[in-house]
């Protein structure tokens, strides 16, 4: 169908029109207008454009080097994260590996922590005074104790830290593959490796591309790992962006740098979309069957894979263990890396938990994050499906516009919202938004849009549209089709996205600092107040305590989202007989409320 | 009831249906028949509203529904690829439409169980996940899911292709019963001519997105309008000009020897037909015989033409390959088509061919 | 060549195949026939190594392959649901196995194009994405993908179910040709008895995971070993004890009147058969007549039995519903089964039934 | 206060109007200061809500919100930050009751008023380096070989302390014809500072590094020294250059457009009073500006400041140029 035709058929659906109108308003009010405002304010400080920022930046050796490093890291990370990520996904979901459940838990540790503490965790192990380094130095006498620094160290740490998306989304997409295609390939003589390379991975393309973009973005925005481990030679651009954002006179530099990174991300996005275009990523089989774990036939390969899997397990879990341990130590011990079991106390926890603000910030953050995560996912579910279904210029335009929050750092996004809505503005019905509790919610939702959209779109790619058609022809309205047919299929992905959004917003500082209602302050602000204080002794200890507390919250979230559905799935593999339809006449047990079951049924089981 | 006018469907730059006009009458059992890939599914999907035609109009009950979304069209459909909902059990799949209509759960359950029984799905199977069914069982779920709603218009895309003969016959009967009981207008796609001829009120024969002929089964079979239809429907042997000339000579009929001439397998015989007044016998040799249970299929050669014919296996003895025999033919049964256009030659105008 | 011994397959606590013994000979064209859901696909998948039987052994060439992974078994398979690779083009799908074998690209291309031509896929279609093909085209891709590798053993699960009669015949021929040309041992699942009878060297008739009869098509058809097979294969009318008694009276045959008795449709006729020595004529009334192109199907009632029979449409006049007629039957054609076990009564032992 | 779950309801009302709670922005709430203040204020009958933010963040926030301010009072920011805020017109002039007890020159004498003094010092490990061998001034760090790579240098100029260090150094090289008002020589000093220092490590305190022997000296604000010496078990002495030491003075100000002006003014009067400042100083080892409060403050601290020579810095000049300096340093010198 020609582009125009598709557009015409698109606007014919009332559902699309409604979603389109809401979306247009949202984009205009919260993505375009505030950011255009702030960009104009920075680039056209007195009404006329100045090329000052570009001039300054491009003549700065340091900026160029840092920018180069950021790009290098982004590109390298796109590769390494995929390698490691795909490997751990295969090990936990595709191959029959002993103890894959335990391995999963180990690899999943990145779900629940990150940032500076994670980098610190690695430093405890591989840093110049780290456990592993001390061991190595003893074994290899001439070794440089500072070996774990620079590009290599940053890349390694960030690689292991950012496989979360793989664990969640690639694994999920993997479960959507029709097992019979794998059987068919095997039947045609394909080896395990060929099947992986030619059947399985191509089907995962949309998801792999989406997570690649995320890895790229993570690399570009790397902050703490280079700061902690990069050393003199490998510093990245983000610290500079943050400094400049905070200085009104240099904000144009920050904006320019951010825009450069943002555009790079968009280019990446465009390339990936192009690569993905035209492919079929849903099963064309009539009814597909559930994936079964594969044996690795070659004994050598099998042993090797097991070995690497458990090695990675150690790499993933050690830092977490140490972080938890260190959270009981005093700040000096943490910073000097000297840990003795005698000085582990609960003092840190008591200090953090008994302060006056108490639990309130936790609750505020949980509520804000949960609301934002749910709204972002809920709203974008429709949008993502429409964008995935209608491939024309209007859809592409919307899609790219929705990625605006990836272009600007969150502090600028927040400033944009303030300058746009600190006075009555017709875009939001004449309301003043600053000083209200909604503005932070809006910001939270906004910053999560690009990630949510990418991941949702990728998971929708695995849904064959004839299911929708079948439902529609039975009279189901768009929303109903959505709820009953599409949602169950993308639910694992949607739940994972919600959980990740939730987790990442819990300790947000950059947005909250500008937008939080003074009486409803989220955790990020409290953490910052407790942990900054010129990096004092208590500060760093508090950081660890907060990290562990956040680990607990996010761990619980992930358990609620994943642990439970995993259990369900296990049970469903059992014979279907207990559903006991023998009680005929009384109706199937599922007849009354199959809707409840939908929510937890893993869509991946059959697709 | 249903009118497709001037429909054109394209996929990218591939034109699946260049120009289609169809008229399905209310309550009719209408069949689309045609070779694989000719556009049957495409036509059905256009009717259902899943494909927006590049041109033309779809009318239902006189109303233009070309732009109406499919959930508003009140048609039921069985998909060629089933399109079963993987996240639901068999019961839920069948009950889906009822739940959409907000039927009472008890009613739904009754209706689901009733239709399931009709398509021979057991209670145990109703509780299963669709992936746990056999291919034929899945197909039956797809059929049941459409039937349970008793739509005014029912579109069936090869709904019985994976079923065994017994079950197919049984379900055909169910379909016919429902259709006449509720006056459901049915558009049926099948690859099975037998089915098409046995079940349909009218049949449209498709070729490359174009309708070659629309008519009752008997019209289609006995008076195939084009050479394509003649070849596609039923089984016939191509005759050589030589053979036709010989028939002309023996019977005095004025058949064109330039036209493409065919003879239906069942119109030729090795015995003189009981009442075969005009039948002429031509000497022939048996080329082969294959056993088909119900009958044996012979190929006999006469005047360069390989003529296929059936001989019933009624226990009598039959000539074997290589023996000489006589093949009986009535000139009136010979079908003739214009070699260029493929259009049928009116039997009385046969001589008019230049 | 292939031996299934004592195979038992269960899904959870559902037993799909309780006990299966089969022996397929080298180079044979062996067909599994049976009603939907009887376990044909399951048996095939067990053979291919996709299902681990709960008990029993699978032998290929005398070697126990029960635990051998399917890629080591050197069998080709066409899946009932096609299992095409969605991310690849049609060409890539077909070429997949060749590429795995590291054939030269040029050779691959030649082989792919060759097989594609045989299954009537055009070059244009080779470049398409599989989701852009019609149902029948997809099925042909599945067939081509398996055939192109010329496996020693080929398993086909209803490979032609979505194709029109012409194409089906043509592909059947291709299959047979390849099979005999390369001596491929073929196990074929079909729901189409016609196909089974026409193509197979031997047929196994399945019911609920159990083999009811294995034999050549003619054996199966003419000497159905069980009532199930008799009913499942071909078309026959059930006879009443009354009718059988009348046949006994007229002919002096000693048929059991307690057994379940059947008569194949083609074994009854309205004219006395040309050589019908032993045939007896019973008075009957025409109940209905349906036109089927090639023939008309009659139901006539006589002594309480509704007897179906076929009358060839050879242009002669035929009695209409309601008129009286005579139905001719040979006692030797009547098939009789034990009412309890369903086993065939040996025709000479017919009187032995208690 | 409203439970957070009711975000929807609360959203209608701008925060400024919510009850009689005063909203106070500060960068000085860490290490228990905020909680302490809130408790004290409650005793004194003020309902306050403290919004903590780094100096730069708080500044930006005050400026961004100037059309519809949420804060009523801001404190803790130094002159540089407050003069920025003031220039954007986000502060309202107010003369606190205790204005007479403080040195007007430390604030602007109009909108923001000084509370606490903080000296920005160069400290060194006195266990390792004797007073004689210690550097005499910042410039010694890069001009004398023995100090090269032994001092920690900053990796970012986002913090107030770092900016003040540079204010102190660059002010000495004021040259109106030089780049950004600084002579080439001045910029050379900056270059040398970065070239020869050991870069700070994120989230590792200078004292931790001193304890570990990685470095021997670096910048430190006066208020933290005693505490850190104890935690890391090191002893630190400070350098008092002949030109003096830059002083950061934390200020307090009334936000323009507050809807609780009267209440806010009362709060300022209360918080800056000798009593409160005295207690605060006692508790947090700070150096109050309020002369009456100094009596209550830690005598060591008072003594230290008494003997301290304040570097004479033209804060107007610094404030005007600091943004550009930071930018230039970040872009050109920080390697």
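Per-chain numbering from 1; labels A, B, C and D assigned in written order.
One rule holds for everything that comes next: a contact is a pair of C-beta atoms (placed from the backbone, for glycine too) under 8 Å apart; a residue touches a chain by one contact, two chains touch by 3 or more.
Owing to the predicted nature of the structure, the values given are computational and were not obtained by experimental measurement.
The chain pair A-D and the chain pair A-C differ in C-beta contact count, and the higher one is A-D. Centre-to-centre spacing of chain A and chain D amounts to 37 Å, using the average Cα coordinate of each chain. Chain A and chain C have centres, each the mean of its CA atoms, that are 54 Å apart. Chain B and chain D have centres, each the mean of its CA atoms, that are 89 Å apart.
A straight line joining the Cα centres of chain C and chain D is 91 Å long.
In chain C, the residues touching two or more other chains are 11, 14, 81. Each of the following residues of chain A touches two or more other chains: 284, 286-288, 576-577.
By the document's touch criterion, interfaces exist between A-B, A-C, A-D, B-C.
Remark: chain D residues 1-2, 4-5, 7-8, 10-16, 18, 21, 23, 29-32, 34-35, 38-39, 49, 51-54, 56-57, 60-61, 63-65, 67-68, 70-71, 84, 155-159, 161, 199, 201-205, 207-208, 211-212, 221, 224, 227-228, 231-233, 323-324, 326-327, 330-335 touch chain A in the complex.
Of all residues in chain B, only 11, 14, 33-37, 40-42, 80-81, 120, 124, 132-137, 139-140, 157-158, 161-168, 191-194, 197-198, 217-218, 221, 231-235, 264-267, 269, 271, 273-276, 290-295, 310, 312-317, 330, 332-333 touch chain C in the complex they form. Across the interface of their complex, chain B is touched by residues 1, 5, 9, 12-13, 284, 286-290, 464, 466-467, 469-478, 480, 484-485, 488-489, 572, 576-577, 579-582, 584-585, 587-588, 590-592, 594, 598, 601, 603, 605-607 of chain A.
Across the complex, chain D is touched by residues 56-57, 59-63, 116, 119-120, 129, 224, 227-228, 232, 235, 239-240, 242-244, 246-250, 253, 330-332, 335-336, 355-357, 360, 363-364, 367-368, 371, 415, 418-419, 422-423, 432, 434-438, 441, 513-514, 516-521, 525-526, 528-530, 532-540, 543 of chain A. Those residues of chain A that touch chain C in the shared complex are 178, 180-181, 183-191, 194, 198-199, 202-203, 205, 278-288, 295, 297, 574-577.
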